[in-house]
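Dropping a structure here in structure tokens format, bear with me for questions.
The first chain written gets the first letter, and so on, giving A, B, C and D; residue counts start at 1 in each chain.
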Amino acid sequence: MDSKEKRRGILERLNAGEVVVGDGGYVMQLERRGYVKAGHWTPEAAVEHPEAVRQLHREFLRAGANVIQTFTFYCSEDKLEISGNVTNITGAQINEAACDLAREVANEGDALVAGCVSKTPCYVKSHSENEVKAIFKKQMDDFLKKDIDFFIVEFVDHVEEAVWAVEVLKTSGKPVGATLCISPHGDMHGVPPGQCAVSLVKAGADIVGVNCHLDPLTCVQTVKLMKAGLEKAGLKAHLMIQPLGFHTPECNIGGYTSLPEYPFALETRAITRWDIHKYAREAYNAGIRYIGGCCGFEPYHIRAIAEEVAAERGFLPPASEKHGLWGAALEMHTKPWVRARARREYWENLLPASGRPKCPSMATPADDYEKQLETKIQM
Amino acid sequence: MDSKEKRRGILERLNAGEVVVGDGGYVMQLERRGYVKAGHWTPEAAVEHPEAVRQLHREFLRAGANVIQTFTFYCSEDKLEISGNVTNITGAQINEAACDLAREVANEGDALVAGCVSKTPCYVKSHSENEVKAIFKKQMDDFLKKDIDFFIVEFVDHVEEAVWAVEVLKTSGKPVGATLCISPHGDMHGVPPGQCAVSLVKAGADIVGVNCHLDPLTCVQTVKLMKAGLEKAGLKAHLMIQPLGFHTPECNIGGYTSLPEYPFALETRAITRWDIHKYAREAYNAGIRYIGGCCGFEPYHIRAIAEEVAAERGFLPPASEKHGLWGAALEMHTKPWVRARARREYWENLLPASGRPKCPSMATPADDYEKQLETKIQM
Amino acid sequence: MDSKEKRRGILERLNAGEVVVGDGGYVMQLERRGYVKAGHWTPEAAVEHPEAVRQLHREFLRAGANVIQTFTFYCSEDKLEISGNVTNITGAQINEAACDLAREVANEGDALVAGCVSKTPCYVKSHSENEVKAIFKKQMDDFLKKDIDFFIVEFVDHVEEAVWAVEVLKTSGKPVGATLCISPHGDMHGVPPGQCAVSLVKAGADIVGVNCHLDPLTCVQTVKLMKAGLEKAGLKAHLMIQPLGFHTPECNIGGYTSLPEYPFALETRAITRWDIHKYAREAYNAGIRYIGGCCGFEPYHIRAIAEEVAAERGFLPPASEKHGLWGAALEMHTKPWVRARARREYWENLLPASGRPKCPSMATPADDYEKQLETKIQM
Amino acid sequence: MDSKEKRRGILERLNAGEVVVGDGGYVMQLERRGYVKAGHWTPEAAVEHPEAVRQLHREFLRAGANVIQTFTFYCSEDKLEISGNVTNITGAQINEAACDLAREVANEGDALVAGCVSKTPCYVKSHSENEVKAIFKKQMDDFLKKDIDFFIVEFVDHVEEAVWAVEVLKTSGKPVGATLCISPHGDMHGVPPGQCAVSLVKAGADIVGVNCHLDPLTCVQTVKLMKAGLEKAGLKAHLMIQPLGFHTPECNIGGYTSLPEYPFALETRAITRWDIHKYAREAYNAGIRYIGGCCGFEPYHIRAIAEEVAAERGFLPPASEKHGLWGAALEMHTKPWVRARARREYWENLLPASGRPKCPSMATPADDYEKQLETKIQM
């Protein structure tokens, strides 16, 4: 029997009201593992070190992910060229290798493969619909040579570019999800989230939402605004969220790239598994049914999503065999004070110390967001 | 030619004045990847999921590690039994599988394999030299069936138990390193670091130092006290350090297990790669030549050690092909403020924000260390 | 010559475009000096310890205040009765004594006396316009027996009650200023600041603004919204601000009384003189010309306002004879590192440490403001 | 009856085992009130603005102080000359006016007057015993023209200079207390606290201890070391403490003048009244019976000392009539969450937020204390 035939598609699952758990962030985690170069963040590791990509796919699958995204971030020809990271490898080679890796691992479980495209340098440079669409078309064609289940447009901060991507990808006949990396203040041209969502759905997107750039609860807020926009316009779409795995209370328009810690000192902002429980519940309560993560989401964060929605899904992920719910595995610890931590209340209420008394708790974003915001508010 | 024959041993390297880069922490990283259960932290993944262990070994090797430690933490028979984590697997099976994995990856580079033993529940329970030594002997015999280069005794907080372990392992004829998980205040019975070092060297340890429990700079301080103790006693040994990858300014006797964040909310205490540069330099300046990490040290932290001592070693590790030194890869970033971060001064002086304004920066350790310390100081 | 005749009134000054410096907070400062009881905060010290009230008036005058407010906070009969703080003293006695003290000190300089009324328990209890107005009328009559220059309605969190107060006080023929203790989110019934300002001006207020409850920059923001509301309505009034002298980034609707530190652990939130410089400039730039302070504003904070607007006013206050501008008096210090602080850049850019590593930097307000706000935003 | 005759002297009180409550800090509080110039901190206000000094004396008396210190800080001729703060006033005039003010207020209660001398610029400049002693002699002669009860040598950071001062003042026949501004690490030449105490007692000091420079609990630690030194030497003396009213966890040798916040941004380090309760109890438990404060101690801090030791003294201070113990006066507050604060547990356990999320919680002292300390520890 063909595994493809029996797979239930992304829309079948979402239409049935199921919670779909997404996977976590690849580029930042693989940077820390030694396979991705920060700066241009291109995914040549899919060709150069497939074992490393495969292993991370597996960890997300094991953590409960229903979707394995192809490791094709920034894998448009124009971006690869600018990056200077690869010389003997083509974008097509990476895209194809990435599809194979994702498929291989997805088939080890009940997961779908999403072919992913992200924003192109071409958009800001040329602002040409034809040129940008040609780039997306080329990448789509690579994907269509392989066995992928649906598409995701992600990490786009101008809704216009995302609309173009959706229009291209819809020609494949496959479902398309689209996530913008925007704040509650809107996209880089100030288009509010509600209006962004309307444009994406009108362009054909089946699933809309946000990814990256800001922390989980802020992203939930943005998706709520998207939802409200769709409702007001009488439109319907599934909602999706894959936020940053870092606390960003500064919540600026430019997102985490504007924070002084980006990209090499974000450790102290990292979210815990308990933050994830809260996030997953908030996302669920907001009506979002495709819940995953982006940069900073490691396998155990994805497992925490799966554990939070275990009742709704009816099962725990494989990796929970190595995890006591809410710290239960500490019950047998030799120290009494550690045993006392084997309970939900403890972890839910803990305010973890940074261990860095000379560091502040909030930073000033580089793009001076506050002034921008103030200007808007006054108008 | 046999790869074993041409390998230069750990003492050859250290005697030649080389800097030996250790690997990072396995149990906590594999917990996050979904393969180790927090609480008892046993290493059955070596049998259950060898691909996951192999991949992490590879990442450390690629990051510059000269030593691959067998993934045999807490792999004594008595600990495995207490843990309840394994039923169909014996300690011998894990030890042997772990040796094979370490060997396989070490041979992919110029690395040595260290067979590792850690503290036993038996010591605190029985306090019987015979029983404890029998346990270490059994684990050593497992290792000796395989091709390992030397032994490391690690994560022992009573110097007496470490001495017993060293005495057993020295019967193998192989070099032995011994690292205690103690603070500058001494071991759990208050034996000062200097005296601990003397006992270990007298028992036969070739390399002595500390691992785990406290942050890098605190551990450097402890090793300095060990060195001073050895010098005062007219003894000589190589020095070794594999600290925690978390900031622990509270520096209590019990170490990080006493912190409220242990083990599931330590994220915000995580050290950056720039903290590592400072640590590696301080360790080097203190005369320590075996420099690695323990819990919290991910591959990129090991790479940062290797990059800091690149001049002394004469080469960069493989993973540096995906890393610009001191942020150099940000030079081409599209945002001017991110480009401005492509320099050493920026990262050296950055005080990273936690993004958690409702959290404190220091915690109160559970074991009320301050009162203990005060008592000592007053005496 | 009668001192009264030659005094230029508050409106004369504001109409002429002068900057009027207000005084600081009485109740909280006199609580710390031992004369006011926290909780009901009534001003019986005007009768019981006139020397203490006189001295604080003098310090504010010396710091540059153009207005001395009568120490009559919460001095309505209904509030005094509830408080239980006084038994042998009537409200009339306090009001009259307070007027005399204010007058005496104001006459030592070129200052005006403002008779002050604040919110009444009666309003929330009875919601009766007649009853509330009768209370204000009674207090006004006390004031009118004495030589006061104008009235201030302050610390009212329902605009309706403030409107009633203004209507009563306007019957005196004297100028009336009205400051609400509200946030940018509006009054306790959600009436937005702009609308509040319009209602107050329509009721006859000559000067409108905010006082207390939130920190200086937040209060500037609220007054800006008031100004915008007036402009939109085609109304004109002078603007006034007397904010809290504490940092309240949580900016909740209930203000500082909802913060866990209120009222006995606010020290660590106290603003510095340098914060004041920034505040005074922002207030001035926003078009506010009556600039003072409320709880937490000590004499040196008022001096800092006067120093910031010295160029605009054309003179420094008397207390500046004991103050080097921007730290200039440190130039002769014996320690070189203290001498290095004798300059504006140093103090403007300093991020002062709290010295409290176990404390957070932000708290959760008791009134769960966030949920309230979220509800509003979504609507 | 002459008030002088019936006064029980400082030694009578201490010998009887009574707790003597000291007063708080004058120069920093009067700087904030507008009467003292930061930098040289000279006390000419005793002549220029006696009403301001008198009022602060009264507030401390009212708060429970048993001793009113003359406002004669840095009032040696050499310091006044360097300061440039006074031209038409002599040191003798200030000393005499200050004695009169202290006497006047002390007589309003059951308080003693202490004539105070502090370190001289001459000591560091000349290192001449004769010259320094001549300066102290001159100041003592001013005091002896007036009615003072005993002497206090304070704010001296070289024990040698303090010894010289004690030797001079003892010639008066009056009791002498001596407090150094040192850390647990010892005086500026590294003389440990225990040895300092021995030298002072041998020179004739009846009471020894520390004042200023570091926070209350650190100062208690230093006085404990003094006590231990005296006990070891078989000497006896009363113990005294008047610490800084600011948190200084950095605890460096140079004290708070080395902190970046000194002297104009210390607000956020200010201690609360609840910190004082803990401090007063710790001091009492350490056997210290003269308990007061220095810079940063306002009247309500002194009241908190008096309230903490009310049981031992048998009475509350006058200012407690305006203070509910442990927040009791909040019981009648209109907000339920504020009423919930009317209890000891609330305030004892509160970790107050700074309201400054961009600020760190600890600073790096300017004198790079850590390196100094490390050097000492290693030796």
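Here, contacts are C-beta pairs under 8 Å (C-beta built on N, C-alpha and C of every residue); 3 or more make two chains touch, one makes a residue touch a chain.
No experiment lies behind these values; they were computed from the predicted model shown.
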Required minimum of steps from subunit A to subunit C, each step between chains that touch: 1
Interface with more contacting C-beta pairs, comparing B-C to A-B: A-B
Reference interface C-D: repeating pair among B-D, A-B or A-C with over half of contacts shared: A-B
Chain located farthest away, centre of subunit A as origin (C-alpha): D
Between subunit B and subunit D, centroid-to-centroid distance (C-alpha), Å: 49
Rounded Å distance between subunit B and subunit C, as computed from the means of their C-alpha atoms: 59
Distance from the mean Cα position of subunit B to that of subunit A, given in whole angstrom: 33
Shared-contact residues (touching 2 or more other chains) in subunit A: 249, 351, 353, 357-363
Touching residues (chain side subunit D, partner subunit A) in the complex: 249, 357-364
Complex contact set, residues of subunit B against subunit D: 224, 228, 351, 353, 357-358, 360-362, 378
Residues on subunit C engaged by subunit D in the complex (per definition of touch): 31-40, 51-52, 55, 58-59, 62-63, 82-84, 121, 124, 215, 246-250, 254, 257-274, 298-300, 303, 318-319, 322-324, 327, 329-335, 337-338, 341, 347, 350-363, 366-367
